[in-house]
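Heads up, the next two complexes both have chain A, just with different partners, chain B and then chain C.
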Partner chain A sequence: MIGVASRQPRPAMAPGPLVALLAPLLPLGGVAGHSVGFVDSPVAVAGLVLLVGTLLLRRLAVGALSEAVILSVGVAAGYGATLRLLADGLAPDAGLWLLLLGATLLLGRVLRLLAEVSGPARHACPALFGLAILLLWEILTRGLQVPAILLPPPSAIAAAFATNAADLWDDFRQTVLISVLRGYLLGCGAGFAVAILADRVPFLARGLLPLGNLASAIPVVGVAPIMVMWFGFDWQSKAAVIVVMTFFPMLINTLAGLASAERIQLDLMRSYAAGYWRSLLLLRLPCALPFLFNGLKINSTLALIGAIVAEFFGTPVVGMGFRISTQVARMNLDVVWASITVAALTGSLLYGALALAERRVTAWHPSFRKR
Partner chain B sequence: MPAAPSPSLPPALTAVPPPAPFAEPGAEPGRTIVDVRNLTLTYQAADHPVYALSDVSLSIAQGDFISLIGPSGCGKTTLMRVIADLEQPTGGTVLVNGMTPEQARLKRAYGYVFQAPALYPWRTVERNVTLPLEIMGIPRGERQTRAREQLERVGLAGFERKFPWQLSGGMQQRVSIARALAFNPDLLLMDEPFGALDEITRDHLNLQLTQLWRRTRKTCVFVTHSIAEAVFLSTRIVVMSPRPGRILDVIDCARDLPPERTLDIRESPEFQRIAHRVREGLMEGHSYDD
Partner chain C sequence: MTTDRILPVAAMSLAILVLWYAGALWLNGPQAVEALNRLGDGWGTADFVRQAFAMKRPILPTPDQVAVELFQSLTGTPVTHIRNLLYHTGVTAGSALTGFAMGVVLGVVLAVGIVQVRTLEASLLPWVIASQTVPILAIAPMIVVILGNMGFTGLLPKAIISMYLCFFPITIGMVKGLRSADPLALDLMRTYSAGTGQTFRLLRLPSSLPFLFASLKVAVAASVVGAIVGELPTGGQAGLGARLLSGSYYGQTVQIWSALVMAALLGVALVAAVGVAERALVRSGPGGGR
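So, the complex of A and B:
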């Protein structure tokens, strides 16, 4: 394995990370009004030495993966030193920014190496990329002293997450486990059932499809207050908004899926004297599965958006939309960000679970099949 | 086996296939299975009517292997689809086993092999073959036994758990033949089943098909573009021509070619003579064009 890797030519390295070597010539930053030189800070010097040291050590590497591991120690040293100095109350100056720039350029090299790695390590590239964004976000918001109301650092969001965990859980339960789940099942279920009906009753399909275009253009902020007036503050109004948003995507996808069986496959069923229901179960629904999953995936994100927006127009003092609207008013933007994080994670998990299920159920489809 | 015409066959028997030694009980040779009379099928295209079939009459007896040959648009597939009740004629009558095509279809009188394998990609090879049996309500155990039997018959034992898309085109078409055989219909309708395959595979499948036909004595209707294939397989060849789709010639092969056929009979003078006559018929039809 390593022998194979060593024969792979690795891309040449640009000298970019060496800009960090200029850092000692510049002021590092200031603490309580006093300027601190780069060489006065053991932390900065240690970070720089490690960073440059890994650049020299990379010659020991036998493959892309091992070089990436060696260099990532240098990246970690650069980022770690920066974070440490910021935590100590340093107001950064050119020297520290140069060290960060060097570490970031080195990170670029690491990512480039990891992008070509296969096997279990292939997940390292996106994971490291995401981690780097979080770290840069943290460093830049602290180093540039961005007001927390504009953009709090991730650490502050995490802290808000921890202190408000109970509220966030209640919101999650109200919005996701009650409103979204019920609305989603109702909307997708109704869309599917009506599609099956419309498939048998042509005037329904012809009449409903133009309405589908209309419904997809309905602004959710317009429907939400109406639904709150119709169905009250609790989950029913949120579910109603979700049904409005998800019904037509599901209907249209199911109809397209039911129409996707090939003529020759239908003729085969006819030659067996198979009735409507048998053809539906044995041929047309399996054919429609990829379309059904498309509808379900689109709707999973639509449902979450619908519920959160609807909660802006009235809830029983709990729910993600309620939390966001009230905490914005109180300038507690870190809590808002924590809520957004929960929503984003929930949405991607729902979507991911559906994509995984799709892969299992429609493994025969040309987009997934392996010989 | 050397390919020689069998002079021992009495002339009276040559119009219908020779007696079938392995015929199933109750299958009387010579009984009319498909009776087509004055069949006409026209449909309205964008600007003019199309005469897909015009006054076509044909009688197919039990145990016959009939090939329908002709250029594209001559109505050979349409004729077969009418027999299978997949298409409605505008005039004339068709009887299948003495019933209307619809009654025959509802009684599952025929197995249809399409131009493409039309296998369901979400089912394994075996479950594709059991599909008609499932629809007919045959219990699971028997379904499996029958599917394995038919897959073995078409040389695909051991592929039961594969998915269709893991098989080559020729194997897929063999699966579709096994599927058509699985519910043991007396009549097999095959619409250019080997049209998309390379010549070597095609020869091989032709040989398997003629052996299968000899063993089972099922009545076969076979649509093809290939003269050699038609002559090799058939007891009778129906030459058709387009615009309007009609029958030009019906050529008896059973008289001059032995029932038991190997690929080398294609070199024999009798084979060449029949092929020549088919070609002439096709040319005559073509002079109609343009």
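So, the complex of A and C:
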């Protein structure tokens, strides 16, 4: 890494956020046709004073972390004032946008500081970034009056989430708890079992591996209409699509994992007179664990995709794919976004749970050593 | 492919063919019996097999039925005609490749940003990874509808879905690749007092190419998936996804299977094309040939 060699805990600050100081010179916006000046609004003035105040106070900070904390108060003030004014029905003008720009540039500084910090505070960096994206999304969709049909603001999505919670829960149960879980377990289980079989019979492995590589180039999700035709509208067809999609990734990863034990370790097992199953259980499967988890993680996303796409081809009147396709047709985009939020949270939670389990089970693996 | 692989692969392919015919017999059997009973009582096993393998709307069409349908839909009408499968393949390939190109640009730009700017690495990279745990194909119909409202129809919405699927493997592979430059070589660049731009162009970029191409293969396959799923909600106008959808609406199983085979061929061909480009570029490039 070039450039980080000289230890410099607090990089020099760009004067960007100071553009906010120009805001009072410009009109803030209009309420019900009347123009409002910046200094007429106590909320805007308070936001600006806090923002500039933290810029001055940052000199008191002892380290990068404390400076980031102080400055983030200023960012919060800028965003908070903007949100408050929009909630009061203000149609924003140049003054408010400048305040927002200043706050956003200040956020850039906060993120830069946090990126240099070591330890758990580093995780605040992506969290703040995500939060800022959400807030900007809310402010911009409201401020620019983006039609809800294009992009509803997060607050509208949250409201739709709350009012449709019962429906969304039913969808979640049908799609995730019934279809995805069963298909995922069946597909990964089958891939794993066939990989063990192929490990015993090398002829099978040599035939299956090229097919598996071929399958990775094929849009497997296209089998969805066929499966819906064969297995009907209920969960069986979704599980079947998932089995077809997840089988080969699991097979390939398991085979690669079983081949990852080192020669010298295998020799040791032989010198202990361990048979095939014993060395499989005690040496080769533990060695294969990182590969197994890789396959499981890839498949967790694939399984959700498979279920939702298969639901586009036909479902009982419940399920995430059904909800999305029917509500899109009715232009209820906030419900669609709420459904997508459920899907996104499910996907992230599944992945996170697997990653956590991986760290627990394979803590010995070199790839975790550095962290 | 080496000779010790040909035999197992051939055996496996033969086994799949046999299983396919057996499956067709099993799945189409009840329908075939019904059809034969309607014709009369005196039918034997040979009649049954012939009937099961030649259903008009079979539950599982036989490989030869698919092959015949494929041949007819490829040669029966001129290539530009809506009934020609090659026309639909072209539509899908067009949006897949457009999305792929956009995904490559986005992926490479993100990767360069992440490698060069530390703030981006800390704040953006976790979200790039999280973006892939979202089953994006769920959003596909909505993107198509939204962009349709904004006046974009046809190729672009599908290309955007392909792009979203494409950019992730490219970003991850490229970040890894740009960081894979030999530390000794990096030190050497410093002793030459090469600037960041020069180091990037002369050292980091060439050494990232093998990683880039490995990602490109994954991405191009994903772009085909994106294009096909993007065609589902457009209501079956053109493209392989539309063929799948209309086939499933009207129970035309043979049409579904031939569209599937075509999609598979398209995916394999695109991956192979990236492989050819890799062999041409990486060997002749400044970092290759070692």
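In this text, the second predicted complex is superposed on the first by the 352 of 371 C-alpha atoms of A that agree within 3 Å, B and C clash if a C-alpha of one lies under 4 Å from a C-alpha of the other, contacts with A are read in each partner's own complex, and residues count from 1 in each chain.
Keep this in mind: a contact is a pair of C-beta atoms (placed from the backbone, for glycine too) under 8 Å apart; a residue touches a chain by one contact, two chains touch by 3 or more.
What you see is a predicted model; the values in this text were computed from it and never measured.
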Simultaneous placement of chain C and chain B on chain A, clash or fit: fit
Touch count on chain A, higher of chain B and chain C: C
Which of chain B and chain C A:273 touches, first, second, both or neither: first
Chain B versus chain C as contact partner of A:282, first or second or both or neither: first
Which of chain B and chain C A:231 touches, first, second, both or neither: neither
First (chain B), second (chain C), both or neither touched by A:301: second
Chain C, chain A and chain B - angle at the middle CA centre, rounded to the nearest 10 degrees: 80
Which superposed partner A:137 touches (first chain B, second chain C, both, neither): neither
Where chain B and chain C come nearest after superposition, their Cα distance in Å: 15
Residues of chain C that touch chain A when the two form their complex: 1, 4-5, 8-9, 11-12, 27, 59, 118-119, 121-127, 130, 132-139, 141-142, 145-146, 149-150, 186, 190, 196, 199, 217-218, 221, 224-225, 228-229, 232-233, 240-241, 244-245, 247-248, 251, 253, 256-257, 259-260, 263-264, 267-268, 270-271
For the chain A and chain C complex, residues of the former touching the latter: 2, 4, 108, 111-112, 114-116, 122, 125-126, 128-130, 149-151, 203-208, 210-211, 214, 216-219, 221-226, 228-230, 300-301, 304-305, 308-309, 312-314, 320-321, 324-325, 328, 331, 333, 336, 339-340, 343-344, 347-348, 350-352
Footprint of chain A on chain B - complex, ascending: 84-86, 105-108, 110-112, 114-116, 118, 120-122, 131-132, 134-136, 163, 165-166
Chain A - residues contacting chain B, complex: 262, 264-265, 267-274, 278, 282-283, 286, 289, 362, 364-366, 369, 371
